[in-house]
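Before anything else, here's the structure in question.
We call the chains A, B and C, going by the order they appear; numbering starts again at 1 in every chain.
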């Protein structure tokens, strides 16, 4: 079975090597400071104990006030998997260092995050839109892209047929 | 033992034509009239027959390839789909023949015609029966090779004038391919001509009849080389690189539609028939079949053999994948060309030996046949191994099955099949 | 006098007989050698990730069919596993075994298609494709028996599978499993030792093991480069922990090895199926979820749609093309807050430029065929 290294454990290891790099440690992932991201990633890939050489996925999430970029990685040698995150508070011009130097497999995934979320990856060799055409206005996966009348956002508050009062979630 | 050559002797239509010409001569016509009449009859006959053959073979090819692929093939148009070629022909005639805007108009219009004409002209020199040759040239083989190479320039005209990058790619590939295999073709046919001693196709067929043998037993390397070079000349699979559908859409005839494409289509089939006819005349005894031509008309035997050889080409198409262009040219220059040269050398030596030592045909020919076949087998296998056919990089193998998670097997020796 | 030459740009696709869908590759050529390869995608972009944010978790399951439409079962499975991981739902045993059987049947169908299309790219005029289609039809008949659909199956549900198999499914599957190895032997005869296929694919599109791991390549491409990594063994899901099978690896990282790995995986799938058909237990096929189908009168309101707890999950499985993963972020509402598909075809295309530069046009087509892309997955 794959050992899932929780965010707390990996945060502990990163903190030992790069004090001050970890902003927050949740069970799912360790949140890293944007400026130290490349050092941390190189450490995760090259360190003898860790050896997270395989990057599973690079994703961006629009958490309403801020953006999050999530990196899932696996160590093929030891069969472990873990995740780290980066938070970007600047919603108008979000910038993150690109990890394509550390893991070349992030190339296409970062282009997708740029295209659909608008996050600019610094140091990416070829950052241009991939699914949408050049000149498309806006970034569709952002929560404020649809700006429907009435100030509605994408999301579902209740399933049709359920009674009036909300049973959870945000509108 | 032939019967008296009466005009109703269907075994050789030349008898009927000859009787007609005698009649015209008796009526006191000028000298050029019989000549024109016989040419006209020959030309009309070949045209009609080739067009009908192409129509029939469109249906046959699609059904046969369909059966090889486990499916039925066309069966909607007419009973058993027999009217499918008619439907195809009507469709091609009625379609809009587009000329692309920036193409070279004259060449674009001329290319299908220049592709089509040589494939018809080849049939002029081929003997369908003893008196059924339209042009009884005594340099018949040379004529065939020369006319066959016009194909190269025609394909390039088509590709260049289309103003389309895929067509250019297809045309370039074709020229490289056709030039390489022309040389192989010439050398291989040279071997056959050396053995018989004449370039006239009627003589070659007569030689095979007189000595009661087929030239393919004497020239196995020649047959191998010519079958492959012929497949290349025809632009058919496995050498259909020029029109490789899965790579460059349709190669040199991408931009052609309607009846212009119909010309290319028909020219491909006619070239196929032409190559098959040459193989039959030169290597398989032409219209003779060890005495059967006394009973069955010679031209029927010829047609049956020709269609048989063409069926083998259809079989190739349904089965084999396609080579890459550089592999194909490497095959021509590194494998077939040395074999053809060795063939010429050995054939020359054998002919010299036959004349000098005064051997009779009954002793010489079986000896040469056995020697040639053995040599062919040894050379093909030996030369292939010498070129690296059995080396580690070219051998098929299976995957390694393992249970070690995370292990890396890159670079290890793979298990042989 | 020197000739002035310049490289020219050729578009392979988006309409092309051989790009496996609407995918465009701009090649810069010098004669027949490729100098640069640029991929242009997005012709099939349907914005599934955005659409999924307005639909409930169960309503999103048909989306997962349509990403990788040639292997819908594995797409479904990865998604429902991610949601189950998020909710902490436990799936009954019979459902786990049914999932295994369906996933392996789907792997066979997908590999049939992949191998046939690879042979077609090498130029064998449709003959292997037709033979493979004939056998794939039998698998699609089995799917039709089980869930009513052939291609977009929509069979898995959060907490199990949608319905139990009919009684005629088991005998039909057993018959299929008995006869299919003969068909694989037929393909091996035709294709494995074929001189031309070996010549076209050995040494073409080489990817070393280190390059493959660095470029996040997964599936038969990774295993063809010699790395023995299979999520069915590394992180066993469904019933894979209880069956016995091997991982197939190649040693050269070229197109031929990926082809050979796919054939070996077909053999292993048959092995898994034989064991699964014997070991499958009886029982329910769907877990009890904390939702209701009707609202009872006079009692507290129960939710009709599943509302997972706030959190995130990354569920991944081994699809025939590689590692397919779903990253789901939930905010407690009936619809996912973020629905991201980590699709193997998309990420396996990362080293395409590395593999094709320096090869010829014919090689580029064969290499693209060996990556085994499905454009629905690339563009989503």
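In this text, a contact is a pair of C-beta atoms (placed from the backbone, for glycine too) under 8 Å apart; a residue touches a chain by one contact, two chains touch by 3 or more.
These numbers come from a predicted model, not from an experiment.
K.L.:
Comparing chain centres built from Cα atoms against the global Cα centre, which chain wins on proximity?
P.N.:
Minimum centroid-to-centroid distance belongs to C.
K.L.:
Using the touch rule from the top, work out which pair, A-B or B-C, shares more C-beta pairs.
P.N.:
Most contacts of the two pairs: B-C.
K.L.:
If you average the Cα atoms of chain A and of chain C to get two centres, how far apart are those centres in Å?
P.N.:
Here the centre of chain C sits 24 Å away from the centre of chain A.
K.L.:
So, what's the distance in Å between the C-alpha centres of chain B and chain A?
P.N.:
63
K.L.:
Go ahead and note the Å separation of the Cα centroids belonging to chain B and chain C.
P.N.:
45
K.L.:
Among the residues of chain C, which ones contact at least 2 other chains?
P.N.:
Touching at least two other chains: 227, 229, 234.
K.L.:
Could you pull out the residues of chain A that touch at least 2 other chains?
P.N.:
Residues 76, 79 of chain A each touch two or more of the other chains.
K.L.:
What residues in chain B touch two or more of the other chains?
P.N.:
Touching at least two other chains: 405-406.
K.L.:
Can you list the chain C residues touching chain A in their complex?
P.N.:
Per the stated touch rule, the residues are 41-42, 45, 47, 49-50, 53-56, 213-217, 227, 229, 234-236, 295, 301, 303-305, 307, 311-312, 314, 316, 323, 325, 327, 329, 331-335, 337-338, 340, 342, 346-347, 349-351, 379.
K.L.:
Can you check the complex and tell me which residues of chain C touch chain B?
P.N.:
8-10, 16-18, 31-32, 119-127, 130-131, 134, 192-194, 196-200, 202-203, 208-209, 223, 225-230, 233-234, 246-253, 257, 260-261, 263-264, 268, 360-363, 365
K.L.:
Taking the touch rule as given, give the residues of chain A at its contact with chain B in the complex, in rising order.
P.N.:
76-79
K.L.:
Within their complex, state which residues of chain B touch chain C.
P.N.:
My answer: residues 65, 68-71, 165-166, 169, 172-173, 237-238, 240-241, 244-249, 317-327, 393-414, 417.
K.L.:
Considering only the defined contacts, which chain B positions touch chain A in the complex?
P.N.:
Answer in residue numbers: 405-406.
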